[in-house]
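Before I ask anything, let me first share the structure, which is written out below as structure tokens.
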Amino acid sequence: MVTVTRDGALEWMRRFASELSEHREQLVRLDTAIGDGDHGTNLDRGMRKALEKLDGGEQADPGTVLKTVAMALVSSVGGAAGPLYGTFFLQMGSALGSDSEVDLPRFAAAWRKGLEGVQMRGKAEAGDKTMVDALIPGVGALEAASDLEGGLRAAEQAAEEGMKATTPLVARKGRASYLGERSKDHQDPGATSTYYLFKSAAESLAG
Amino acid sequence: MKKLINAPDAVVQDALHGVEAAHGDRVRVSYDPAYVVRRDAPVQGKVGLISGGGSGHEPMHGGYVGVGMLDAACPGEVFTSPTPDQMIEATKAVNGGAGVVHVVKNYTGDVMNFEMAADLGKGEGIEVETVLTNDDVAVEDSLYTAGRRGVGVTVLVEKICGGAAEDGRSLNEVAELGRRVNAAGRSMGMALTPCITPGSGEPSFELAEDEVEIGIGIHGEPGRFREKIGPASQIAERLMTPILDDLPFSSGDRVLAFVNGMGGTPLIELYVLYNEVAKIAQQRGLSIERNLIGNFITSLEMQGCSITLLRLDDEMVRYWDAPVNTPGLRW
Amino acid sequence: MKKLINAPDAVVQDALHGVEAAHGDRVRVSYDPAYVVRRDAPVQGKVGLISGGGSGHEPMHGGYVGVGMLDAACPGEVFTSPTPDQMIEATKAVNGGAGVVHVVKNYTGDVMNFEMAADLGKGEGIEVETVLTNDDVAVEDSLYTAGRRGVGVTVLVEKICGGAAEDGRSLNEVAELGRRVNAAGRSMGMALTPCITPGSGEPSFELAEDEVEIGIGIHGEPGRFREKIGPASQIAERLMTPILDDLPFSSGDRVLAFVNGMGGTPLIELYVLYNEVAKIAQQRGLSIERNLIGNFITSLEMQGCSITLLRLDDEMVRYWDAPVNTPGLRW
Amino acid sequence: MVTVTRDGALEWMRRFASELSEHREQLVRLDTAIGDGDHGTNLDRGMRKALEKLDGGEQADPGTVLKTVAMALVSSVGGAAGPLYGTFFLQMGSALGSDSEVDLPRFAAAWRKGLEGVQMRGKAEAGDKTMVDALIPGVGALEAASDLEGGLRAAEQAAEEGMKATTPLVARKGRASYLGERSKDHQDPGATSTYYLFKSAAESLAG
């Protein structure tokens, strides 16, 4: 596969939903340690709603798929993750316009727009111990790649490293920041769900 | 996890049905999107006052909908801020032409969801002002973090702004008053036990049989530090000192003292604690002119308490004393 | 045992100091013997209404002292009925010349202590009538036992008799009305967790992680039976069926539905339960005309609830609706 | 000792107080099982108050000692035990009049009056699983005795047997009666404290 199609985007979202459902408890546990324990439940509920929305209509192109997911997340997730993932998919989907096939450079640029949306919304910088710490390296790897498949695999790996690198950090954004130094030695739940976003992209689009 | 519920993901909806069944004479309930609204909303010419936040803090916010307090409340899932569509619909439902105030507790999720809603609300020609509460002195206030949490003062903002809105004050006046209340209020909480959200089924943290957590948030977020439990006098000191030093409160200040239960603490203990709070206030030369004691902003079945002090001015006292008729607060 | 207290044997006194500090504008507190009394007592020409019982059930009874409800309350030690000298002094303090009604929950200790007080009260020329509450259908009613416990209906008796006394009704009228309310009310409770009295430091009973106790009393007395926890709908059924069958309530009855928390159960769960109660009432053809939801007669930090149904008549409705201004109940 | 004097009565009450203080936890435990767990705390508090009252004044005779204890218990114990023990000591003390020395027949008759007071107040019969089940055999043994020392020892033993015999009973009075059949297989707390009343009498008066 050298481009992302509508069906590819749908498959990506299905995989993302099942990753979240499968790792729901893990995300709850991570969020219980440094937050309020709802990250897994909320994203799982949101992506179920998103799949319902996707199943309930026809999406013409990858951009519409992502914007549909965005709206479902915004109106069903709540918390920090709702607006952040909602904004991410909205910006990314908008960047894709109504293209029916998306090649690597355009796909990477859309991820970049999504990342910018997250940072605009949440004001987090690299190192603040948030989902941004998985997004930045993941998007960077995609931009640096020369083919979609390799780019997706590199991005997954980079996001995983970014996720793991959140562990020693002191949180400066979100609920974990209330803990100050005590937020150290815990992996960030949002960075973890973002890793699953890259993982599911690689598994569904790098076939 | 043992709870009086039907299913973890039905808690909020089922409770809303209960609210409608119980208080249908005073409020209406919308289920999708979910919000509780005054029966007579929108009140023409009155500033609308809405709030919202995760469920599990009852009676806040749904219990504060009624004459003299909120026009509407948007409940999120347990401990999860609500979504923009709830806020947008609630805003429309309470807009009587004089604009709408959003009372928002300073949590990343709440702030972002309300921001999205406010953007969209403006788009529909409704003027929206936001009052952000961030009174929790347990959290360090810094530009480089998410800042302080909004806790106990939120209840006071809702009551006082509700009184002002009912009195016909303008959008800016109500919002300014709310900001003044927030600026003059400080809180801190502690827990004896954790709570369990229906969604996770697990305690939010673990505490030893003789430990307490000082500086806890209302979502079971861990606090500032842990220590062996001491007498109520010591616990009052632990909470009062940071509060008093922060504003700072000074001798001669008139204050409202709010001793709040986290949900699982018996009222008799809150009165024991209030007695210690009153002693400390007296030592510091504060005059407690109003008080509130009970479970008003809770954290499910958590055992523990929070203390909020508000430095009063005449306008605050006037609107605090103004009649209120809600399921959760009434006089 | 983790509690917000200074010392186990100081809890009641410390809490009374807190009550005085908080509500000194409405009540006075006597410490030896211990009772809480309306600031303006005795009200000349008005029937005095007093109650009392062990502490640990707050806001009952001390929180119900004020205009439109009790004239005085006598708190015993935690879960221990108060002593005759408290009742005698309280009786004298509220006697405005029209006699005094004692509201007594049917527990051996309460009954005997009030009996001794009433004997002595009469000796001083004060006319005393006693209203005994015994609404708990979890307990078998038999001449050969101590009979049923007085639980939730006590709050309703205190409110309704308080309204009648305020309205100038005579001693016999107030007492008769109280007896009618008791006769028309039925309750049953359940627990998810035990409570721990400060004195014993030990849980009142043990329950497995998935068990509930049905038919519990408000002192942690074990109930009718244990079972695996079911959904709120099942718990409502378990409590409602014996209540409905006992009076019995029948289609067309107008009722007050009172869903009470035992102290440690979050309000959101009480609303989930209320929704189930309302459904069952509807199926049975009852019309819920008034309701009360919250922690009004508690068992320290116990998690659980009780349901009380009261078959209403016009006079009860009138005095239920009458204004009340107490720390625990106000409208 | 062949009579009960003022000092003997004082010693009895001190012993009773220390038995209760020593067995406070046991009484709490027994009352937790079938009641509300306050029997030990309440009687311990009450007898401390009673000793304070006794120390704070001069009592002319055994009857006055017991009546002083009665009033202290009535106004400090509460619950069922307050009026019951209060009535017991009041009736017993009144029966002793102002005698300064009390011999066995008069002493036994006074116990009988106390027992009658308890039954008048609480309406309990033998077999209802209450303190009456220790009182009846204890008083009976005292009445049947021919000397004070032997009578007190026999009464202690009879009360102990009465106390133990409450275990299989179903309670019909007091808080334990709410349990119905489930009150079986537990020794009654009130019968237990009454056994200590006899025990302390034997230890202080049968010297």
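Chains: A, B, C and D, in written order; residue numbering restarts at 1 for each.
FYI, a contact is a pair of C-beta atoms (placed from the backbone, for glycine too) under 8 Å apart; a residue touches a chain by one contact, two chains touch by 3 or more.
Not measured: the values here are computed from a predicted model.
Enquirer: Provide the labels of all chains in contact with chain C and in contact with chain D.
Expert: Per touch definition, common to chain C and chain D: zero chains.
Enquirer: Which chains, if any, touch chain A and chain C both?
Expert: B
Enquirer: Where the CA atoms of chain A average out and where those of chain B average out, how many Å apart are those spots?
Expert: Comparing mean C-alpha positions, chain B is 32 Å from chain A.
Enquirer: Roughly how far is chain B from chain D, centre to centre by C-alpha average, rounded to an integer in Å?
Expert: 54
Enquirer: Once you find the CA centre of chain B and the CA centre of chain C, what distance in Å lies between them?
Expert: 29
Enquirer: On a C-alpha centroid basis, what's the spacing between chain A and chain D, in Å?
Expert: 75
Enquirer: Where in chain D do residues touch two or more other chains at once?
Expert: In chain D, no residue touches two or more other chains.
Enquirer: Specify, in ascending order, the residues of chain B that touch 2 or more different other chains.
Expert: Counting only residues that touch two or more other chains, chain B contributes 78.
Enquirer: Take each protein chain as a node, join two nodes whenever their chains touch, and name the resulting shape: line, ring, star, complete or other.
Expert: Line.
Enquirer: Quick one: in the complex, what on chain D touches chain C?
Expert: Touching chain C from chain D are residues 28-29, 32, 35-38, 41-42, 45, 74-84, 86, 121-122, 171-175, 177-180, 182.
Enquirer: Touching chain B in the complex: which residues of chain C?
Expert: Going by the criterion above, the answer is residues 2-7, 11-12, 14-19, 21-22, 55-56, 58-59, 63, 78, 192-193, 209-210, 212, 229, 231-233, 235, 263-276, 278, 288, 291, 293, 295, 298, 300-301, 303, 305, 325, 327, 330-331.
Enquirer: In the complex formed with chain A, which residues of chain B make contact?
Expert: Per the stated touch rule, the residues are 9, 33, 54, 76-85, 107-109, 112-113, 115-116, 138-140, 144-146, 149, 197, 199-200, 202, 204-205, 217, 219-222.
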